[in-house]
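Read through the structure below, which is laid out as structure tokens, and then see the notes.
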Amino acid sequence: MSTVLLSANQLSVRFGGVLAVKEVSFEVRAGEVFTLIGPNGAGKTTVFNLISRIYNPTSGTIDYAGPQGMLRLTDQPPHAVAALGIARTFQNIELFEFATVLQNLLIGRHTQRRSNFWQDLFFTPSVRAVELEARQKAEEVIEFLELQHYRDSLVAGLPYGVRKVVEMARALCAQPRLILLDEPSSGLNVEETDDMAFWIQDICQELGVTILMVEHDMSLVSKVSDRVLAMNQGEILALGTSREVQSDPGVIEAYLGSVSDVSSLRRPVVRSGSHP
Amino acid sequence: MIQFFQMTLSGISQGCIYGLIALGFVLIYKATETVSFAQGELMMMGAFGGLAAMTWLGLPYWLAVLSAIAAMTLFGVILERVVIRPILGQPAFSVVMLTIGIGYVARGLITMLPNIGTETHVLPVPYKDEIWKAAGLVINVEQVVVIGATAVLCALLFALFRYSKLGIAMQAASQNQLAAYYMGIPVRGLNGVAWGLAAAVAAIAGLLLAPITFVHANMGLIGLKAFPAAVVGGFGSLPGAIVGGLIIGIIESLSGFYLPDGFKDIAAYVVVLLMLVIKPNGLFGEKLRKKV
Amino acid sequence: MRFRFKTDYEQDIRLAKHGGHQFWYGALMVALLLAPWVIPEYWLAQLTFVLIYSIAGLGLMLLAGFTGLFSLGHAAFLGVGAYTEAVLTNAGLPFPLALSCAAGLSAAVGLVVGLPALRVRGIYLGMATLAFGFIVEEGLARWDSVTGGNSGIQIKAPEIVGTTLSSGTQFYFLCLLITILATLAILNILRSPTGRAFVAIRDSEISAQSMGIHLARYKTLSFALSAALAGIAGALYAHKLQFISPDQFNILQSIDLLLMIVIGGLGSVHGAFLGAIFLIAMPQAISIFKDYLPDTIGQAPGLQSVVYGSVLVAFVLFEPMGLYGRWLKVRTYLETFPFYRKGMFKRQKSFQKSDRLR
């Protein structure tokens, strides 16, 4: 029985009159791939933003097994989250547009810095050593995700698919214990999605990072997820393995759609010979 | 006590001027999310335009006013087309610098006009130097005209944005340009309209201010006080601009009278700093937070 | 065409990245060191001003170009530094001590001015800094007893280790030394985690937070550092002019500083220097060309305004990357000749989407 890394307890958040997340509770175990699915507006990214502490919950808490033991994540400021070992990617790509890919990755390593401002000002040998080490680690991630070609390009000119991968690379550079992936395969073609599936499995199995992701591509979800949580309109619909959730009637109703629907849309076949 | 009312009245009148210039800022900001530092200079040009129409062309007051406003509106549209449109994708700061540059050019060109630019001129308005006496107060008609004109203008603009297709289209284009394009809204044309409207408002402000401060090339520096007005009201809110202007005008007027020397000049800035501490988005401003 | 063959991560960290860099910057250093014996005294004084404005420009470039925080009242820090230096030097303090105090006090004021930055963004921050600029200017004018009010004060020559630097050449070398140190400091910061944190804040605050960057701390740091550099520049400015008054540090001076970094090239260290050269050279160029223009234009008082404004407008319209950007394009053209492609530096067209919605 693996340990619980993150647990959300009765999380709710209200924006003005809208209750975006309604008493959501779930647990993420160490070493697993946990996926959130659901239609748009279900509150999945909002849950991510709650974990990243970009939003404050109206009620409920999140507990996290930090480096020094369990702590209440909802008490932490946003910039402390990365140092605790939680990294994330963003749905609409929040890269540093006017920096190169390499610089983006090096910024990702910010939590690993060991120098203060004055040492930076004089660029002491210790800063130089840390810089070289950071570069080494960033290069390892570049090699892992095959970004060598784009290393020195400004992010602003890169195609969408590459940017998604750079987002993931940047999150990996923080050497996280938990990584939040927000729709990693959106905008990727079939081949790139296959690559993404392999990378997610590698991140989980080789690097030992727990993955919490939001995803719409059901085949990817089936392929990599250990457990799936389906949400709709801020509430939980179902929780279980991928197969269990995908066959849950409530989930099919709200999100997946049943197979028979499609056949009623099929156009009748025109027999040859009946053409004028 | 009389003094207090007197000061408040002149503060309201001055505040209306600030409010009108701030209104121009906010119009442009709402339409194109850019800040234009050239509003002060546009006001100055409007005043000079009115002066030219009244003295050179010898037009009667109302005709001169209308022609000056029309000319400035056209100028605003042309300015947008030639100078602003090409740079619309660029970071906000570059646009600000551009408008500062435009302001410099406008001020310099007016100053360069031989004999006219460097002098202070009097604008011959029909209500010049007229005074009303009521309840012991001496009321300057010029100030009353400012307040009245501002009220009328605000009502017109409110009607424009609330009830007319043009106003709604402008708001739509300001919130999401791409969606507005898809809906068939001529976004670029609307930007021109916004600038033209802002220039017209600035011209009106200039024509209203001219009888009080006279027409000269450095009139536009009042624009620097109108910025705090827009911020206090909340950038992005049209009524906020006027309210902000009034607040700044009144506080400035009262501090000039009751506080030691020098406070009058910085009153506007102290107010804006206080506002940014208490309510960072201004009185009616919207919360700026990017949704990720 | 030049290809850089990299064999070591050190090469990307070093300041002078390849032989070409080392050669040209070395030549520049030699030229600057020999300047007092080569160029006439008037131009040496102008060069000194270029160095002084470059230091201020470096500070503002760090704040606006690299951290994305636009300060519309930067002249206030210049003024604080200038007056601190003036008062302390007149009281007899040696130069290094007075300069450190000027830098320190400016940094403290920068910290205070930076406080709004923690809560507001964009135009609101610009307004706050503008407001501070006016208040500081007024304060300097009103605080008669210390600053001499609107009539200004005179400053004695700087004194280091007992010797007074009174000649133009001596002062030039002092400015050159401080400029070099300031440039090295900025370059060091930019290649270290602190500098990258600044750039992160500029490009995406939310993302930066998620990477563990403490926004408040770094924004405040950026303001303080930028103000300290402006303070140092102000101190040197005071010594150079030997007389200062509050109206030298008004909104027009702030706009001049911004003009400098925009025309120089926002977001590059070179831009600060190119902008400073432009700022000092422009009035000289105008006064030379004035004689070739008809009197109505040449002698008109508004000419400088028109030229400044037009140049600024022209740069924003046609060369948004500034002088440094233009130099990059020229250099790329020469380096990749004849394979230079027209669209190499073209930025993608972006549709404006309001950031205002919650």
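Should a chain be cited, it is by its letter among A, B and C, assigned in written order, with residues numbered from 1 in that chain.
We adopt the following convention: a residue touches a chain if its C-beta (ideal position, glycine included) is under 8 Å from a C-beta of that chain, and two chains touch if they have at least 3 such contacts.
What you see is a predicted model; the values in this text were computed from it and never measured.
The interface with the greater number of C-beta contacts, when A-C is set against B-C, is B-C. Measuring from the average of all protein CA coordinates, the nearest chain centre is that of C. Distance between chain A and chain B, defined via averaged C-alpha coordinates, is recorded as 47 Å. Chain geometry summary: the mean Cα position of chain A and that of chain C are 41 Å apart. Rounded to a whole number, the gap between the C-alpha centres of chain B and chain C is 32 angstrom. Contacts with at least two other chains are made by residues 206, 347, 358 of chain C. Contacts with at least two other chains are made by residues 292 of chain B. For chain A, residues touching at least two other chains, in rising order: 54, 90, 94.
Those residues of chain B that touch chain C in the complex are listed here as 29, 32-33, 35, 83, 86-90, 92-98, 100-112, 114, 117-118, 174-178, 181, 217, 224, 227-228, 231, 235-236, 261-262, 265-266, 268-270, 272-273, 276-277, 280-282, 286-292.
Note for the complex: chain C touches chain A at residues 9-10, 12-13, 185, 188-189, 191-197, 199-200, 202-204, 206-215, 221, 267, 347-348, 358. On the side of chain C, the complex with chain B involves touching residues 64, 70, 116, 119-124, 126-128, 130-132, 134-135, 138, 141-142, 206, 251, 255, 258-259, 262, 266, 296-297, 300-313, 316-317, 320, 347, 349-358. By the touch criterion stated above, chain A contacts chain C in their complex at residues 15, 52, 54, 78-83, 87-88, 90, 94-99, 103, 106-111, 113, 115, 117, 120-123, 127-128, 130-132, 135-136, 156-157, 170, 174.
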